[in-house]
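Here come two complexes built around chain A, the first alongside chain B, the second alongside chain C.
Take a look at the complex of A and B:
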């Protein structure tokens, strides 16, 4: 059987791109001087680290409760702010809604810009502007969420059925009315799901944000690490793990039962 | 009254959609537009409420030019023109009630729409309209759980609450099986007879056109090639204009409708199993 009679229409292209990927991987390793032997050579340090890890300092938990709640509230308010602003922005970022390529282009560029800024840099920026504290964390998470969710929402707007939009247009509805009446119901469920997803991501992210002084449990993690109190580090990591696990359970439940 | 004066439409890719159409339609007429695919039926219909702009000429509705209306005037004029689509164009995830009441959107402002502040009268209109199309029991049902025929009748209810004098329908029965097609066509007939609405329907089926329309307009290559009473559109006359093609179309049409129906039923079976 000849190849063109089978389903392998792009065989050479596929082989070619696979080879290219492998080549890129190897070349990248060369450039950064990745040396796998280091992993083995430094095992003593790893053992020291792990030893501390295996003995979580349980008594420390009292002082972690408050930062833990702080982290959760930071994520909730940050996610809320981010999603609330992302929805109208994403609507304005689609031609389908605006019928105006200029507006769409401006918003799209803005989205890309936001998404290019790394999370930690964003936090560092806000620390510089507002100072250390929870507000910084909330704003960082809000901007980060905005970037992520706006992208997801406008992608789903572009896949909706345009029939209802046409119907509303034909009866004399304004573009705003069309967005509310015909577009929103078609993407609402996706938006809820994205909000939950970004909440999950944000719990993890906010743990790291404390590193640069944006409040929450990350601050404790940073301190413990600097003082090499691995028992505390291990406890904090366990708690973060627990939080992440819990949020994914909850959001899973909401996705299934409510949405 | 609808008047078309020397209306032409050329698409950006050079295809001629309409070629110098002159037409007058009185209030209360029941018109079926027939012709092969690509004859310009849809273009003509969609020009009437300016879903597409015309390149030349002017369309005047009840003495007002829709061609030269600004966006605010256009929206006001569109309130008086209902439209029914081949694919129903309902928001599938919404309830029947929400879909029908959105026929009133032209009478609300942006904020009222955002907050869903519809008036008591409009909720009443919605119920009355659903009763007229025999779907009173489906008020709170999700639209995509209805059959194709029922969905089309929901979209007719949406047009009824709009209380427009003119109703345009673009291939409203092409996606429906023959029996359902008749119920839908009967809905149009009642709207025409009881409420004196102007009905303009694009339709593939010559047979349905002859049975329901008072006046038939035949199109070919963007021009009107027949315009007369339904009784004048005899097989012989149409044969002269179109050749056999227009009748063969019908056979294929009913086959397509049947296939669509089967597919729809299958999909429903699958979705109920899930």
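Take a look at the complex of A and C:
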């Protein structure tokens, strides 16, 4: 930490930027019709919501078991499909493997385009294309995982040791052989770790995917919300939290013992 | 170690069984919708974006609604950042000294706040302040409190301790230590987290319209329900463009900050 990092030296700059931000905030409030008195006046609504939330309807749990298993199997198959397709695509997105900047550029643009679409929108898009159902959820999860994992994989390919690549190259290996024998063993462990990580993210996301009709426990969430059964909503959220906790325990075990 | 190998093969077998079971368990009934004619129709529709929707001066056009979406994200990020300040201070271990039970409890509360999806907060605030962009901004703000509370309080606990000791040594009070050494070290990191969450919030704000919380979400859902592919295409293009531009600008600012 240097002296120039302290507050004094930037006082005017900081006051100026704070004022600018506050002005922008007030202007933004005008644009979206912010009316804070409404928040205070209608706090009863929020209290009603919270009250239901604090009393989970435990008896509802036996009807949630089936959608829970459905959610888990959707996440497993979606993550699997996403990772399986992301691996070769990420290999094609690095200069080390393709040695062709044009292909690399095309693949990277594709990756970043996929990642800009929020997963709920992706789900809504797939619902419109192939209709309501579990397969829609699996496809959404697969595409979403593809975007997330391909990014992570090509970032880790960039950091590998290029010694083995040069060795393979010097004895005349083809690019495919280099990818399989020199690159893959170096990134395999991170790929498994990313797969586990994205599985966790997908379980979390499954709550909202069902909201647009992509199957799983989110469908129950949608029903409970539209009938304002907040006890059920809170139970569903608790179950998703429990699933996330469970997957993080399992993936921690796998990371420690196996990978 | 043969036993460990045995366990690993067992786990691999279990993984394959669950994988196969998951695929068998799926309901493939809506695969029949995946017909070539259907897909071709969608594809050609998506290739002809409905440019007349971009701007028509009614205030319900693409430019106006995308602007509203970004404003929702900005407003939400701003109130989230301001509201998170007390939460950050209360959940940082370094502000509590001997009473470590308080930050632990606060962190539990923040974990709960984070685990509720933004969509649920949006539904709550649509009931409180009525449908509209303000509800969306409040929802994003409340979710951001949970995020920033965790991230920034952790940063506050792992700052460089040498300047803190130095200022203590010249006889500063605890408040002065915080003001002159902890705070300046954390501010740029906090600003970087806030910018990152502004990007994330722009993405979330595009979907909040699903529950009536303003922004571009409602028109895209209507367009999807009407199978109005040219319109879906133009909205998607706008979202991608805005997200890419904002990501680019904010990553530039973040590089400067750190």
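Assume the second predicted complex is superposed on the first by the 216 of 259 C-alpha atoms of A that agree within 3 Å, B and C clash if a C-alpha of one lies under 4 Å from a C-alpha of the other, contacts with A are read in each partner's own complex, and residues count from 1 in each chain.
Definition applied: a contact is a pair of C-beta atoms (placed from the backbone, for glycine too) under 8 Å apart; a residue touches a chain by one contact, two chains touch by 3 or more.
Everything quoted here is computed from the prediction, not taken from an experiment.
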Looking at the overlay, what does A:254 touch: chain B (first), chain C (second), both, or neither? second
Between chain B (first) and chain C (second), which does A:167 come into contact with in this model arrangement: first, second, both, or neither? first
For A:116 in the superposed arrangement: first (chain B), second (chain C), both or neither? second
Specify the partner with more touching residues on chain A, choosing between chain B and chain C. C
Examine A:73 and indicate which partner it touches, taking first as chain B and second as chain C; both and neither are also allowed. second
So, does A:26 touch the first partner chain B, the second partner chain C, both, or neither? neither
Does the superposition put A:106 against chain B (first), chain C (second), both, or neither? neither
Spell out the residues on chain B that touch chain A in their complex, using ranges where they run on. 49, 51, 74-79, 81-83, 85, 87-94, 98, 102-103, 105-106, 108, 110, 113-114, 155, 158, 162, 164
The chain A residues in contact with chain B across the complex are 161, 163-164, 166-174, 176-177, 180-182, 185-186, 188-189
For the chain C and chain A complex, residues of the former touching the latter: 4, 7-8, 11, 18-19, 21-23, 25-31, 33-34, 38-39, 42, 67-68, 71-72, 74-75, 78, 115-117, 119-120, 123-124, 127-130, 132-134, 136-138, 160, 162-163, 179-181, 183-185, 203-204, 206-207, 210, 214, 220-221, 224-225, 227, 232, 236, 239-240, 243-244, 247
List of chain A residues in touch with chain C within their complex: 1, 5-7, 21, 24-25, 28-29, 31-35, 38-39, 42-43, 45-46, 49, 69-70, 72-74, 76-77, 80, 112-113, 116-118, 120-121, 124-125, 127-136, 138, 207-208, 211-212, 215, 225, 233, 237, 240-241, 244, 254, 257-258
